[in-house]
Structures are given as C-alpha cells and as structure tokens.
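Here is the structure we will look at, set down as structure tokens.
In this document, chain identifiers A, B, C and D correspond to the written order of the chains, with residue numbering beginning at 1 in each.
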Amino acid sequence: MAELGARVWLVPGGRIPFSDTAAERELSGGTAAEPEFTSFDQLCVLNTTDRTAELSLDFYYEDTDPVGPYRLVVDARRIRHVRINDLIDPEAIRLDRPYGCLVRSPVPVVVQFLRQDTRLPDTVALTGLMAYPAD
Amino acid sequence: MAELGARVWLVPGGRIPFSDTAAERELSGGTAAEPEFTSFDQLCVLNTTDRTAELSLDFYYEDTDPVGPYRLVVDARRIRHVRINDLIDPEAIRLDRPYGCLVRSPVPVVVQFLRQDTRLPDTVALTGLMAYPAD
Amino acid sequence: MAELGARVWLVPGGRIPFSDTAAERELSGGTAAEPEFTSFDQLCVLNTTDRTAELSLDFYYEDTDPVGPYRLVVDARRIRHVRINDLIDPEAIRLDRPYGCLVRSPVPVVVQFLRQDTRLPDTVALTGLMAYPAD
Amino acid sequence: MAELGARVWLVPGGRIPFSDTAAERELSGGTAAEPEFTSFDQLCVLNTTDRTAELSLDFYYEDTDPVGPYRLVVDARRIRHVRINDLIDPEAIRLDRPYGCLVRSPVPVVVQFLRQDTRLPDTVALTGLMAYPAD
C-alpha cells in the first residue's frame, strides 16, 4: 500500500484549559471521575506504514524561543493519542499558556488535534481539527 | 460532472465516548431520549458519483494489529451516516478505546467525522472535522 | 488580487438538530431567546471576488435522489451566512434528516459549515469545519 | 528548514457571540471569571520562519464593503493568539455581526480559528477549524 499522510504537521491554536478539578468533583457530586473529565489538549497520530514513526515535536510560544524536540514514538500500523499535559521532557507544557506545535515524522502519518474543556462543572466542550500538513 | 472527492481518507482521533445512559435518563428526568442522546462517533460519507461505493474500513489501535476490513455501502448519489458503534463485523468497536480509521473507496467520495459526547447528564458536546484525503 | 477559493465544495455530514423550542423556553425560564438559541446548520460563504457569486446547492440524502438546485446569491466582496432551515425552494430541508450538500459557484469562494445544537435546555453545542474543496 | 504554511488564509464563518457577562456572573455565582469565560472568536497564528510576519487582515460583511487592513505582527518563531474583539483599528469588530476574514502574510504562516461561546450561563461551547489556505 502507498504510504498515507504527510511528514510535517502544524497546529497553531494550542492551550491546555486549566481545570480546578477538586472544585469540579465537589460540585458535580462525584459524577465526573478523574482523569476522564479533566481538561486536556491531545494529539492523535495515525501511522499506517510498516515502520516505527519516531516523531519530533517543537512547541512555539508567544514570548520565548521554541522548546523541543519532544520525542513521541508511534509504532508501525498503530495509533497514538497523547495528552499534551503528559509531555514533560525537555520541560512540561504549562496549563493556560498559548502554544503552537510543529510535528515532524520520518514516515508519513496523519495528525489530528482534540481539546476537551471541562473548566466549568458538569459541562464538557469539545473541539477537534486536522493539523495542517506542510509537505 | 467530474467525480468529486478522494478514494482514501483517514481519521486519527477516534474514541466512542462511554455513556452510562441509564444514569443519564434518570438524572435528566426523561428529557434525553434514546438513541438521540447517546454518545457516538460517526462517519458521514457523500457519494456524488453514479456508481455504488463499496467502502472498506480498517481500524487501527494503540496496542494491537489493525482490524478489518469492515464493509460499508454508499449508494450512487446518496449519503450515508454510520455510527461507529454499529460496525460489528468482523468485530464490534469497543467503547472508550482509542482508534484511528482508514477508509478506502473504489470511487471518489467525501468523508467527515462527527462526535457527539453526552457522558455528562443534560449536556451535549459536539466536534466534527473533515477526514484527511490521502490520494 | 488573485481569486481566492474554489468553485466546488462538499459537506457530507448535515443534519439540522430538532429543537423543541417551546419546551426549551419553558425550562430555561426565558433565558434562551428566539431565534438566537434555536438549533441550526449553517453555510458560511466568503466571496472575495469582484463578481456576484450565484451559487447552486444540491442536497443528497440516504434514501432518495438529490434535490436541487437551490439558489444562493453572495454579492461581490461580501459574505453570506445562511441557515439551512431557511432554504425552502425547491423544497424545505426537513429537521433531523441526514443530508450532504454540494455547493457550486461560478467564481472562487470559500465555504464553511457550522452547527449549533440547543436541543437540550440551557446548553449550547457548536461544531464547525471547512467544507471540502473539490476542484 | 523549509518554510511551512501559506501566505493567504480565509475564514468565512466569523461572528463573535454576544455574552451578557453581568447576567452570566450573577447566575453562575461567581464561578465564571472574566475574561476567561467571555465569548470570543480568535485567530491563532504560527510563524515558524526566521522573519517577522506583518499580517494584513481584511474583514468582509454581508451588507457593506470590506474593512481593512488591520495589522497584526507575529514575531519570528513565535505564535500569536488574538481575540477578534481586540482588533480596533481601523474600527472595532461589532459583536453578533457575521463576518469573514482574509489574512495575508509576507512569509508562510499557519492560521487557525477558534470560537468560545459562553452566552448561556454555566456552559461553554467550543469550535475550532483550520483556516483555508489559498496559495
């Protein structure tokens, strides 16, 4: 099968919503369990190729130089959904700080962005979009 | 008319939200009727051609080999909106399990993804995006 | 300026959510005013050219032949946001009926889709996506 | 590194939701703080190049000539997230007025659109999409 996707993807509009999850739990009477109902930004990667995709991520900010590379491995013929909150090396991505993300892969992949926003109690907002393929 | 669309489409960010619909009904006092207010992931396909589109779907996972093909027929000059929950052959797509989807069609079609999330009572979240066309 | 956009656009995933707006008003104690808080699907068209865009829309369904053309005029250097509910000639688009839409324009335009879902009282869900450009 | 993105981007479906934020605060018992929970439309720009991007924005309306250019600077190797509400020169963008936006940049950038809708108390709706790249 032909290889599907692109090797460079960009997301300009990142910002992990900050949830005061303790307050959330109290107000919702326990309905909203952790970590299912925390707020998060997520990258979803689909690697249909027969080779491991060792992705390199760089994060861009409003007021400082880009930080990276972050490493993310997506095995051959696998997906990987990673919460931006979980990226900690070389440094954690801070909550409520606007960022953009550049994803580079040695093999073609497809990259989607998803945000779940549960900052207000007992409500969920979602938005997803395909990242922009640049090659 | 020229044929419109592409023959290969990909969605990296699938995951059918799990709704405890019994709890949902109780808490909402019957406002939220089934199956209108269950959570679902959906593929929406538009076939403007004069030929039947016999689609082949493969599902990719984080920890196991892809599963497929699933078969989905979209008649000539028709749409089809299918809930991922309803795909059961060769096996059902489990709730809350991250997946990616590869759609192949012998004729050009257009594929959109839609998620409705009603895990919390009395609230609806929606997100939709065009799948990524790869040919 | 070069002409911006495409002449053919497609949206596979239409379905105008049905709001029982009378019930909605009662439950929300009057907070949700009409028609700001009804449910709708919307097409948003941007025509940056110096010529009027006389668009032709065809609607595709699951179980019957396409219906159209619907006519929609977007003046030169103007936008137009039209609720699908307001398209009535040659026939109204029924609520809760899945559809796909094909938009054709004699001049390049850009087409976006937006859904507002207010079926449940006191909550708003939104999803938007760019239509698929096919030329 | 090759330059990533496009020099012309379009968003057809703008409209800043009008929040009666005083009513919002009262009804939410102070949960929803300003300006985190106001309604807004936002442009998110990622400039991965080594040159400053001096963007030019034009706003298109339903019933009058386009207004612009608005100027927006995105430094080299930086992002910028700007609320449409904050664009005031040559004139403020009015709330609840449908608009489309044309973004031009002398260097390649990537542009995303995001809407947060908090018109109803204690609920957040989000929708995001990549702008349409036209060159």
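Assume a contact is a pair of C-beta atoms (placed from the backbone, for glycine too) under 8 Å apart; a residue touches a chain by one contact, two chains touch by 3 or more.
Here the structure is a predicted model, which is why all the values come from computation and not from measurement.
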item	value
Fraction-based call for chain C against chain B, same above half, different below	different
Relative orientation of copies chain A and chain B, as a Cα rotation angle in degrees, nearest 5	90
Distance between the centres, which are taken as Cα means, of chain D and chain A, whole angstrom	21
Euclidean distance of C-alpha centroids - chain B vs chain D, Å	30
Per-residue multi-chain contacts in chain D, two or more chains	122-123, 125-130
Chain D to chain C touching residues, read off their complex	8, 10-13, 15, 60-63, 65-66, 98-100, 102, 113, 115, 117, 119-123, 125-132, 134-135
Interfacial residue positions of chain A with respect to chain B in the complex	2, 4-5, 28, 31-32, 36-37, 42, 44-48, 77-81, 110-112, 114, 122-130, 133
